[in-house]
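Both complexes below contain chain A, partnered by chain B and then by chain C.
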Partner chain A sequence: MYGFEAMTFNIHGGYLEAIVRGHRAGLLTAADYNNLCQCETLDDIKMHLSATEYGPYLQNEPSPLHTTTIVEKCTLKLVDEYKHMLCQATEPLSTFLEYITYGHMIDNVVLIVTGTLHERDVQELLEKCHPLGMFDSIATLAVAQNMRELYRLVLVDTPLAPYFSECITSEDLDDMNIEIMRNTLYKAYLEDFYKFCQKLGGATAEIMSDLLSFEADRRAVNITINSIGTELTRDDRRKLYSNFGLLYPYGHEELAVCEDIDQVRSAMEKYPPYQSIFSKLSYGESQMLDKAFYEEEVKRLCLAFEQQFHYGVFFAYMRLREQEIRNLMWISECVAQNQKSRVHDSVVFIF
Partner chain B sequence: MAGTSMVAYSSSWSTALLKISPYTFSAIGIAIAIGVSVLGAAWGIYITGSSLIGAAIKAPRITSKNLISVIFCEAVAIYGVIVAIILQTKLESVPSSQIYAAESLRAGYAIFASGIIVGFANLVCGLCVGIIGSSCALSDAQNSSLFVKILVIEIFGSALGLFGVIVVTMYVETCLELFSPES
Partner chain C sequence: MEKFIDNLSSMDLMRSEKMSLVQLIIPVESAHRAVSYLGELGLLQFRDVKRCGEMSRKLRFFKYQIIKAGLLSPIHPVVEPDVELEELEIQLSEHEHELIEMNSNSEKLRQTYNELLEFKIVLLKAGSFLVSSNNHAVAKERELSENVHSNHNYDEASSLIEQEMRTTDQSGLRFISGIICKSKALKFERMLFRATRGNMLFNQAPAGEEIMDPLSAEKVEKTVFVVFFSGEQARTKILKICEAFGAHCYPVPDDLSKQRQITREVSSRLSELEVTLDAGIRHQNKALTSIGYHLTQWMNMVGREKAVYDTLNMLNFDVTKKCLVGEGWCPIFAKAKIQEALHRATVDSNSQVGIIFHVMDALESPPTYFRTNHFTNAYQEIVDAYGDAHSSGLIKFRDPYPFGVDPSWRGSRSELPFLNSLKMKMSILLGVAQMNLGIILSYFNARFFHNSLDIRYQFVPQMIFLNSLFGYLSLLIIIKWCTGSQADLYHVMIYMFLSPTEDLGDNELFWGQRPLQIVLLVLALVAVPWMLFPKPFILKKLHSERFQGRNYGMLIPSEFDPDAEPGPARERQEEFNFSEVFVHQMIHSIEFVLGAVSNTASYLRLWALSLAHSELSTVFYEKVLLLAWGYDNIVIRLIGLAVFAFATAFILLMMETLSAFLHALRLHWVEFQNKFYHGDGYKFKPFSFALTMDDDD
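Here is the complex of A and B:
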């Protein structure tokens, strides 16, 4: 019953909600980012980060640092926090927390399959995988030759198994098909997550449906823009759009027939939340679109913390941390390559 | 039974209700007074306690101040105990010819109603204070200037239980003074 979660939520979720809100207080602020943007070397970055919550993770790293090390250690912190929360959680919160990582699992699967296609070493690929999306038998993915084998050998035992029903063909894996596979899997995952949240009901359903709708719409726009000028037919494109969200179904009809960015823009400007995003871009420019979408996402994620007694705070926290790690990676890369003027191109302040 | 002028048929519900002994009503009233009050207090304490424990991991400074929320919830249980004791002192034995007299029935119903009043007032008061206490702990952990402001809300919430106790004390005094023990 919406409105009365406060009476029973704390039985199972009160402790973890308080913990995740404590973690949120440790996210880097604008002042921290300003300090970091003014660093000259990666060692300066390490020194500034040691004053934040990342201190214990970075202090044992020897100089010279690499940007990948910084990102790896920060991701490790996120994984530790996630595992701590997961082992304390009961149903249905534990299922909800696991759902958050399936996106990373999909990315890892695609990474390994693509890498194998390009004749990379399996160990090297495993090191590049995101730790939140690891599962047993992930290394076996390198053996598969086509999608049917992929499913039969490895994926049938993972939580991704139900998402594969639309994807199983006997076609060989090549770059195009892998991208289509990734997007089909992600579409099935988003729809499944959406249905799960609707089943939970109450404030969780309302807040998560808003966040997931934005995700679905953003992916629809990105798929459209990335497939302009490729061989992807309109019908194939339409099959990759999720069947929920603000754009469903009429926006999808318009997006499916778009052939350039201006048509995308005119299709999106009919929806007020996205109109404000697209109005920030001048005509013909699409590089800032990613940043504009990230900013909008961060704004919505921060709003999820305004309400108590729902599971959306866990999802919002994980996403905000990932955004923070992206920011740190960008800042580290800019500092390492001496391009500090471009630092502000892609850093999204959270607070 | 002779001596009572009830307009009732021998197998109607009103007869059945009127035949329930006022002792039963009093006893149930006292049970509800203490039982439901304690339910409200416990509910409130667990709501606020679980958030307080989790939030205190990252912000240990909040623990001592936020125990006030737990104390407000506990006060709700104490109200229930006090009222139950007051009601219990009003219980008197009557000779069996007087059990279904009007004054006896009135006393029985008065104690029953008092129990319901204070029980349910304390139930919702405990819930209210508990939920506010949980939000208070989480807000205090983020920003310590918010604590006192939210505490004011909590004080208003805890007044609800007090209303129940006040009404019951006045009710029991005025309603039962007419019934002085004859035995």
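Here is the complex of A and C:
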């Protein structure tokens, strides 16, 4: 379909693209956020949300609400929409949609394994898992003692299996190992997804390569910052970076040797798109970095909707909705804990 | 004549109700009652203040809080009717509490019941495995291995197990028995196999009974399993896997007599539980019926209250915070009723201050409201499907129909050409007549809105343009019919444009046709710039005049004669974008000029429909009925008759009527209504409990 998407795209993808654009139009607006930020109680939030697309999902909740209920119901809406789209999708869109959930799958695996390591109740852990990243035998993860078992028992049946080839060791699981496993998996996943999108070609490849590169670069920066002061060696650190993106390969060389946040900053400032992100932060500060990255991501995701006849809109929509749910969670938390002055700290507006 | 037109221009029957913008100033204490009375009346539409966008979001929030507090706080003890609502609220919460408790109780019972039932099934099924394995160890082994072969085809595995069974038969072999959903059984088995590296034996049997899943209340098919294994480590692993798969494990004693004893115990407890469960369900059903008895009434009531508060939320608080201010539209005929309702509310809520209800000057165009009865409602809905009339726009019309043709034409060689020509000409006559009527209706619209600009620079040139071309064509048609001339009308019309000065020759229908044609052509050509240019420029001039007037402070608002003020300009009081107006006028003119040609052609669909109908009926009559009648066979005749009857009923009557309806509707909507009907109004949506209830349904 290279270069001629416009001619054939609508045969299979037209309906779903219309659906997803309709969903996108249902995202909360600036006015909604303004109203939500003014709320005094969680019930007020519920009342405001009842006028939005979340209404039907929240209307049957009894009055003393909890933040978790709001987030759970909002996520449920996203999951319902996702499932509907997945049911309607044909190849290769269905594979593309499935790729979107692998990230959650990795997070869920890590969550369960870490939880079991700290002897938490499996059922409790399962409730915390993201519903998009669920697979049949996820509860069985608790049985595994080391990565080899993890792979052999459970993950071999999941789509994550190929990503595991790089991190099968017989070492026992500990926090460090799990974190390395998460990042190795993510690296493999992003590279695979990137390759898949390149294979699709056309506008999808163009837009997704931008979005995924940004994701890969963000992960590289986060890995660097989080691994400063740990026993992770430079080579190990570099192995966790994905082999594509704006920073690949020279930026990775520089990031791998960084010893503190200011060095990361000077390495990143050579790249114009990231310079603007870092210029928002004062020196030595890394707290607001997440928010700055999220804001940039949202901007890029919104841009994906400017072009037609590609699959990037599905990815962008899912990400935007997730960001919206994060926003709602933050606002609800602030309201519930009477910290309204901090509402704007972490809310990333989507317009 | 002038008087006649004046009378006609109001055309009360055909116009929507006159609306006036009113303002309500309601004291807080009677607000609730007043609004609910108005809701019962259903004749006032509140202008959604939110939509005005002028009120700041904070004030609304504040207002909402006050109203909410006003309902509950004792500062306003006058809010009597709410007590009813509060009682209802308490009642409802009691009911809810009761129901939740009952549900949780029955759920607990149901769970124990399920567990016992599963235990019983496991005992029965797994027991049989164990009994045979204990008593006839060798036979059991063979059976097991066969089982393994047939079930899994794990050859090596089964042989391993056999060996193991022999060595650990008396000492190390343990087993876990339990029950699992049938859908998960296969994966469960695979997982067990992987986790124990094949050192296990999996036996399963369908449970036979379906067990209710307490969460989804669905019946689920389950499978009883017994896993044989050895070693403590394997045991913990298997138990963990069981937990992960949601399999319930139940201990089954080896001893046969113990097994029987436990089975008996379980069965007796099961029957006890069944009785309790039944009683619980009966109790619950009773409670539910009593609630269901009142449910509609309560829902009605809560819906009304919600509507009242929604409307109250729309009201603005005035500066002193003691009154609520609302603006809305109401049909003029209903004013008295509304005032009466408001008065009733004041009296009923013992408020010292009456509700002030006064009419305001409307700057926006009012909503559209037609009083309909059951008969006219259907027609009105068809028109509304196209768009709501700009308030007071004229609507309602029907196409006329029946004519007759001399039957001697039937079957003659020139039947089709004659009929076609006749029908086409009639279609054009009808079309020109209807379009003229449409334009004339636009005159009444313009008159109604006191819009002389539209009359002078839109109505007049439109009439001239349409009639100088197509009116002339109609005239030619009629003259040709009357005189029986052989003139070729196509030729006349085409050469009227191509070479208007040339001699008409044979095609001359009457004396002086050539000069008349030239005059008409010139008129049509003049009409185009006439409708294009003057209106926007005059609008611009009027606007700049008004703007100058604004500089002097608008001393007398009635300074301008409302008759001289064009309606659209009044709406566009705030800003006037000349290029936009001009482009709009240009589009309008082009649309009219091109439309005059295409709409006339569009009326030919009347001919097409008639042609299709006559051809179809001829075909069915000749090729089916007459053909079948030609045979001397009663069966063929009957079949032919049946086919003919079917075709007549379904194709000629049903489908053709439908298509005629659709085409007539299109002619009505597009070719007729676009001359005068803009469909840019919005519907009158009064605040009414009856409508709110309908919406909920």
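We take it that the second predicted complex is superposed on the first by the 348 of 351 C-alpha atoms of A that agree within 3 Å, B and C clash if a C-alpha of one lies under 4 Å from a C-alpha of the other, contacts with A are read in each partner's own complex, and residues count from 1 in each chain.
Assume a residue touches a chain if its C-beta (ideal position, glycine included) is under 8 Å from a C-beta of that chain, and two chains touch if they have at least 3 such contacts.
What you are looking at is a predicted structure, and each value in this text was computed from that prediction instead of being measured.
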Legend entry - Clash or fit, chain B versus chain C on superposed chain A: fit
Legend entry - Partner chain(s) touched by A:161 [first = chain B, second = chain C, both, neither]: neither
Legend entry - Which of chain B and chain C A:6 touches, first, second, both or neither: first
Inset, instruction - For A:30, decide between first (touching chain B), second (touching chain C), both and neither. - result: neither
Inset, instruction - Using the touch definition from the top, say if A:18 reaches chain B (first), chain C (second), both or neither. - result: first
Inset, instruction - Go through the superposed model and pick first if A:143 touches only chain B, second if only chain C, both, or neither. - result: second
Inset, instruction - Would you check which partner chain A:176 touches, where first means chain B only, second means chain C only, and both and neither mean what they say? - result: neither
Inset, instruction - Scan A:51 for contacts with chain B and chain C and give back first, second, both or neither. - result: neither
Legend entry - chain A as apex of chain B and chain C, Cα-centre angle in degrees (nearest 10): 50
Legend entry - After fitting on chain A: smallest Cα gap, chain B-chain C, Å: 9
Inset, instruction - Would you tell me which residues of chain A are touching chain C in their complex? - result: 31, 34-35, 38, 122, 136-137, 139-143, 152-154
Legend entry - Of chain A, residues touching chain B in the complex: 6-7, 10-11, 14-19, 21-23, 25-26, 308
Inset, instruction - Give every residue of chain C touching chain A within the complex, in rising order. - result: 57-58, 61, 184, 187, 191, 194-195, 237, 240-241, 243-246
Legend entry - Interface residues, chain B side, partner chain A - complex: 43, 46-47, 50-55, 57-59, 127, 131, 134-135, 137-138, 141-142
